[in-house]
Amino acid sequence: MNWALSIFYYIVTVLVVLVYGLLLYAFIAKTMARVQGRIGIPIYQPFLDIIQTYGRRTAVTHGYMFDLGPVFRLTGGLGTLAFIPVIYGSEIFGNFHFAGDLLLVMYFIFFGQLGMALGAGESGHPYAPMGIARGLAQMTAFEVPFALAVIAVFMQYETASITEIVAAQQGSIYNWTLFTNPFAVLAAMFAFLGMSMYPPFDLVTAPNEIPIGPPTEYHSAYLSLLQTNRAIFAGAKLVLFMNLFFGGATNLPIMVLKTWAIYMIPVLIGVAFPRFKVENSIRFFLGVPTLVGIIAVLYMQYWGTV
Amino acid sequence: MNKQDKNPGNNRENLIKLENAGLTAEEQQLFCDAVPVPYEPYSLEFVERFHNWIRANSLWVLAFGTGCGAIELNPLMTSRFDANRFGVMMRPTPRQASVLIVAGYSSVKTLKRIIRSYEQMQGPKFVIGLGICTINGGMYYDSYNTINCLDRYIPVDLYITGCMPRPEALLAGFMELKRKIKAGECDGANRYVKDFDWYKANQKKVIKKWDMPDYNW
Amino acid sequence: MGYAGLQLVNTMFMQELCERMTRQFDCDQVMHQKDDLSFLRVDRDRLESALMYLKTHEGFVHLSFVTVIDYIEDGFFRLNYMLYNYDKATNIGVQVDITRENPSMHSIHHLWAQGWTYQRELKEMYGIDFPGSPRVDEEFVLEGWDGIPPMLREFDTAKFCEDRFAKRDGRESQDIKQTMRDNLYPERGES
Amino acid sequence: MFEFNLPLANIVLVTGFLLILSGLWAMFIHKNIIRMIIGFSLMDTGIHMIMVALGYITGGTAPIFDDAVDGMQMVDPVPSALVLTAIVIGLGVTAVMLSYAVKIHQAKNSLSIDDCAEQKW
Amino acid sequence: MVTELLSPLNIIIIALGAGFLLPLIHARSPRFAGQVMFASLLYFVIISAYHFYTLIGGAPAVEIITAGIQPPFAINLRFGLAEAFVLLAVNTAALFGARYMFDELREHASAMILFIVWIMGINGMVMTRDLFNLFIFVEITAVSSFVLVAMRANSIALSAGFKYVIAGTMASGFLLLGTMLLYYQTGTLNIDDLIIHQEMITGPFGTAALMLVLGAILVELKPFPANGWGLDVYQAAPAGIAALLSVGVSAAYLFALYKILPLLTSFLPVIAATGLLTFVASNFIGLRQSDPRRLLGYSSVGQLGLMVTALALLTKFSLTEYIPLVVGGLFISHFLAKAGLFWLAGIIKGSELGDWSQLRSKPVLIIAFLFLITALAGLPPFPTFWAKWQLVMSLMEYQQHGWVFFILLGSLLEVVYLFRWFGKAVSSQSDKALDISSSGNRQWLPVVLFVGLLLACGQVMASSFDLPVMALLPVYAGLLLMLIDGLGERLKQIASLLVIIAYSVYLIPSLDGLNWIFGLMLLPGSILILIASTYQQGTARPGFYPLFVMLVLSLGTLLAAETMLGFFLAWELMTVSSYLLVSLGKKATRPSLVYLVFSIAGAFLILFAFALIYAQTGSMQLSAIGQAGIVSNWPFILLLSGFFIKMGGLGVHVWLPDAYAECDDDFTAMMSSVVSKAGVFGLFVVGTQMTAQLNDMDTILTVVGWVGLIMALAGAIMAAMSEDIKHLLAYSSIGQLGYIVTTFAIANHTGWVAAMYLAVNHLLYKGLIFLAIAGVLYRVKTRYMYQMGGLIKNMPISFISVLIGIITISGVPPLLGFGGKWLLYNALLERGWYLQAGLAFFASAVAFLYLFKLIHTIFLGQRKSEHEHVKEAPLALLIPQITFMVLIMAFSMFPNILIQPLSDAVAPFMASTFTWEGYLLITENGYWNGFLVMNIVGVLFMAPAILLWLVSKKMKVQKVKQFNIVFAAERPFTPATTHYAYNFYAFYDKAIGFLTRPDATRFWNGVSEWGHTVGASLRRFYTGNGQTYAGLILFYIGVMYLAVRTL
């Protein structure tokens, strides 16, 4: 593999995913506005917002960890993306998936969150640790169904390599994990609700309780890094789910379509529900979703024949 | 001060400190005592104009209801008025907001919080005075606890009169603010810094219990 | 028992109560405002025992509020302690007149735990002292108030504003009475 | 096996056991130290009697070796010798006990065993 | 000539002669009388020593025949090796005892006479072979004792003495009666003759006769419950007398029992049972005792009980060749230690355990006290340890599980109360001062001498086992360093470092395979932590360095051990030294005791398992574990449980948080990162030996795997709920060790590599974090995290340490920790433990909770005003931290330099499933290129960093202070109320907090409560009433008789 070329391809991927992520965000906002009978933001609004925050002329800093927090966060997003093949079989969008398998991705997701948590922590604002504590607590809970789902997927395909998992789902729509391993997908989608930070699981930013939580003190260029990451990370996460459960994508339009569809699930649920209390959210995830996850594993163990 | 003016952006340490007389010695250690300095526009004019256009189309309003007029802000986001389509968005924290709407009368107590929030916003930042009370006190002109002229305390870019002005008026105000921003007329943040002593004197004249630093970084 | 019956019982209860109170605490004035609302006026020094009695014997367990009226012309403050009886659904207001010079009143915080809030407010707004009431000297609503208490009638708010807050030129103030008459009810004319 | 074929020895033997039992009994029921010591003496004496009785053979001769005497008809000399030693020792022990009684009386002004229960558990 | 001069009979002659002469001399010159007495006692010693020497050389036993007639027709005495041994001990003790209490003795000639006659009585009891003669010596001894006990004639001593008199006279009466009945049946009084003709002792009559003799001797050995009088005497008698009563007189009776034991073949189980009952019951009661003298009494009684048991059981199973080792070992240990302790008790004023804190004014005495306690408790290197080892092994050979169980239970209880006593002596404050000036060194020098003798005896006994030369090296190294304990801290540190480094250089090359890897982990890890030891400038740390060296060296010997004894010895040495190190903490008295008790309990489980293995295989080699596994799973389960306790396994973890929290802050690092690995090593010792059987142990392994994961989860949740920083880390250790347990139980190549990898990981990051925290605690003087905050400004390097540490723990790539997680899941999936993998994921997610809490509440958020001028941690702490960080970064960058050796070390036991392609590691299920990940992340990190830097060049960036925050338009008022730190995860507590309820703690508290209640109930027998005691004696003999008849 030519290193320079693969780095170039990676940069292309990042840019594509960034643009796509921002557009997706705008599209969702627009959709929600239309649901509410509004016109909604222009489709290019997220780009303006990012540039606006990049273009702020003053900033305050609370210390070096505060400065590094967004850097960690964006690194986390970029890295997660780097280890996921975005489009199956594509040389350009294959990224560095050969560096590690699914476990690497699952753990690398924490990298950015950890760095962000530390940076926000140094800001000294009490909402920051409150939000992080809520987020971590909820994360521990929704990781359980997610992990069980991933384990079920692993049991099904007997590999932890994302590329191979995608490869195994090619051919027909009935080869998708969604149909071959429905319990795992159900559990994973429960977890996805928690990851997406839409109601009823938007505990971290929790407007009206701890207004926007961790990034309370982040602004200007720091915030724009976070916004950038948000787009990239959302893209990476969607691609991961798509790869694991929905057959992956062999070209860009399919990817766009599938990820958009996946993303609509938490959005549509989000517009219909109020927010959980933290303890309720934890108990929720440890209840039915975990049970579904366990069923998925047991199903694979005893009846799963693919 | 001169040195900083010549070389903006690189001075993390200011030479002159704020007095912060309202704080105890112990508290002074906990608050930053640097003097605010104005920022220069981008050296390339088209960059500045580009950014002004962006700023105008991405107005982040601080969700801070300072008075009775706050009730007029809520319909702004509803389907009837939908300020979103103009790039207006509510932000819950002053750090991220660029527009401060002082909605209606402001009592002395609220003024203190307004000043704090305004100073915590990052430039460029804009202030809209909403309602007659912010202009000359309105019906509360002789209340012992309500200020009369907002622009003596913080720089106001735009007033919207009325008691109360309807959301349409506010939307019109946003349009006007956008125009002013694009025209590069909104330099309230820099004005505030340049006339810092005057603003502080006015503020301290009405706020007797000044238990915060002189500039709330 | 129907509503009318309850009303009758209440009226009788209130009358009997007021008689008892008059006997016991030398209430110099009793006023039956409504079926379920009466006012008694007691001595400054008997207030505590009267309230105590009402709370413990007559079922007026709830202190609704404490207010004061500034009778600047007659030189006294009239304090109103409004109590409520849940069982009988009746109110009773106990009034005390205190002098305007160095006004001071006994604290009733020991009777109702929320008492200190009202007393702190009265201290700030009227300068009435309640020795022994918790945090009574702390600020209640105002921050850094440096004049005479603003609710006193001798406080000249217009002059205060002129001194303290800048005026913007161009403001026209109209006489409200005249304006309303001119603009809203022109047909009524001078009366 | 133990055989009750010697009336005199039996009488002594039974008496000895009775004395032991009564001595123990006295040690258990009496609170007074002096009485307990007496009980001990009774027990001791009982043991001595048993010792003698065990060695005695009715109609046996004195244990003096002589050509004329059949060894089997001799009274066993050993218990008799031992009992002398035991009596001496018993005497010594009794003396110690009595001096304890004196000392205890001096120290506590009481001779009750119940007053000697300072230590427990 | 020499032989005649040194004839044992001379002891009696001299004693009687001195008895006559002393009053005459005393009247002239009390001083000379004293010299005569000492000369006599010295003569006794010389005689016994001479004969001991010659007998050891193989000389025949000395037979003394009286009246010129051969036994059995005349009284004869024998002076064999056993007699010589006992009498040498007794006479030595008597010599020092007389010296110890000379102030009291010299007043009256009669006291001196009594003392001499007393000792003579003891000598006689030991030597005589005639039953009636035994009675006479018993009476001589008893009468002298009666008088000597009441020598001070205070009220309590008189009461106790009179009870003693009653019991003594009853016992001797029974002895006399029994003797006569025996004589009646057999016609002989000679013990040897009786043994020859024991078939003549028949029927109930014979049984009764034997019972009376036995009962009399046993009563004098103070069996439970007929021993109240004895306890009173121990408590009330003058210390010197009590010491000799406990060691000398009891020795004589024990010896008497030994002599008549051949007569009592059918009695043996009952004798053993009564001894064991005494041992266990006394130790239970000891739990409740607060008077040290009486506690010593209980201990004496218990030890005698154990010796009786050992004697009876060994005789029963015809293991008489072990009697010298077992009973002799128990005896000499009890003898020296009890004498020393009683003598110490005489020096100390006051009757509370806490009063022993007076000893601290003389360090040599507190150390002596510690040694004596340790010797009594049966810990190495003292004789009891060897004796118990041999006893347990021998009994187990005959499948005597019940006996062993109760012996170990009693020993455990003994440890509890003895070390509680020591803890009180170390921690409490006595208002009385130790006064040893008036008596000079006369009173304490013997104690020290006896400690030396104990050590010597221990060494002698050790030599009778097949042990490597270095087995006791830790002890000697520790003792050596103790000699220089008075020097400067830095000097001691360097000396200790040199010792450890030299030892490492010697040891590590000699190890191989997994042991080698453990060696490379533990010894350098210890060195790094030791570097930090001088961080508290100006604080002396007495005892720290000797114990530390002992601990590290015992870890080394543990690794090098090849036999079960060597392993167990090293294990116990490690336990003792780490216990003592823990107890050096300021408030560590109770936690360290709990730690010791659990450790010893664990060690006993291991001992039990070893004994089972030995019984099954007859081999002492560690490799026998594997053979034993074929027969039964029990050794495996027991060993696992033992190591599990050491690792703080779930349910038995209750010792861990407090022990970690209360010991010195840098030593916590040692406990967590190094000492806990001993448990892991133990697991691997078992695992590697039993590789062949592991396949058949699916059920056990599955259970262990689940337990490990539940441990991981519970540890993480409890850590998240802790407010105390050291508790948090302690629970974290529990959780992390849980993963190691699970990966061990996976028992395939990946699993074991994962376990080893996790162990290395744990060593690195726990060492790092605990040292960083030690620095924080040193600077901020509080352990509660909510009282800290914002320290990143003051302690940036410590912050980075903790940051690296928590990233490593959490398993976030690209650092080392991810490898552990990756291997863990790979192993779990490979094994097919899918639900377990889900649980592991949950546990590792919960770990994020406490990790963020840890770093946030300490270093981030709002700094307290009082911490404004806090400085960075001392350099001594930073150096090892930086070393750890460098290691972590290096292993993260090049994971193969770690995984490859681990894989190779595991490969001999489990076939490797790894494939390497350069830096890419491929398993059956996945792949991971640590080097590449590290580089990608590094490059990716630079991109936003440069971007941010570029943007900030165009901005005015103002550095602000901690209160410059958006506070809902208000201003913060105090850092304490602005810092979100207390009850950090309140909602988590609401959601699943029921999982953190301290049920285990409650359970063990219940056990402790129960033990105390048992003790309290058992001691209801001791009413203090002489008649009750007499009644109990009758009752005891009656029950014994019935028991014998029934059996």
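Here the chain labels run A, B, C, D and E in written order, and each chain numbers its own residues starting at 1.
We take it that contacts are C-beta pairs under 8 Å (C-beta built on N, C-alpha and C of every residue); 3 or more make two chains touch, one makes a residue touch a chain.
If you're wondering where the values come from, they're calculated on a predicted model, not measured in any experiment.
Common neighbours of chain C and chain E under the contact definition above: B.
Put simply, the chain farthest from chain A by mean CA position is D. Each chain gets a centre from its C-alpha atoms; the one nearest the centre of all protein C-alpha atoms is E. Across the assembly, the mean Cα position most removed from that of chain C is the one of D. Across every pairing of chains, the maximum count of C-beta contacts belongs to A-E. Here the spacing of chain B and chain C, counted between their Cα centres, is 40 Å. Work out the mean CA point of chain B and of chain E, and you get 71 Å between them. Each chain gets one centre point, the mean of its Cα atoms, and the points for chain B and chain D are 114 Å apart. Chain centres here are Cα averages; for chain A and chain C they lie 60 Å apart.
Residues of chain A in contact with two or more other chains: 56-60, 216-217, 220.
In chain B, the residues that touch at least two other chains are 32, 39, 93, 95, 217. Across the assembly, chain C contributes no residue that touches 2 or more other chains.
Per the contact rule defined earlier, chains pair up in contact as A-B, A-E, B-C, B-E, D-E. Note for the complex: chain B touches chain A at residues 32, 39, 51, 54-55, 57-58, 60, 63, 78-79, 82, 84-85, 87, 89, 91-93, 95-96, 98, 122-124, 189, 217. Of all the residues in chain C, the ones that touch chain B in their complex are 139, 141-146, 150, 155, 157-158, 160-161, 164-168, 170-171, 173. Listed in rising order, the residues of chain A touching chain B in the complex are 29, 33, 36-42, 45, 48-49, 51-53, 55-60, 207, 211-212, 215-220, 223. For chain B in complex with chain E, the touching residues are 8-13, 26-27, 29-32, 34, 36-37, 39, 42, 64, 93-95, 113-114, 116-117, 120, 211-213, 216-217. In the complex of the two chains, the chain D residues touching chain E come out as 1-2, 20, 24, 27-28, 31, 33, 36, 40, 43-44, 47, 50-51, 54, 78-79, 82, 85-86, 89, 92-93, 96-97, 100, 103-104, 107-108, 113-121.
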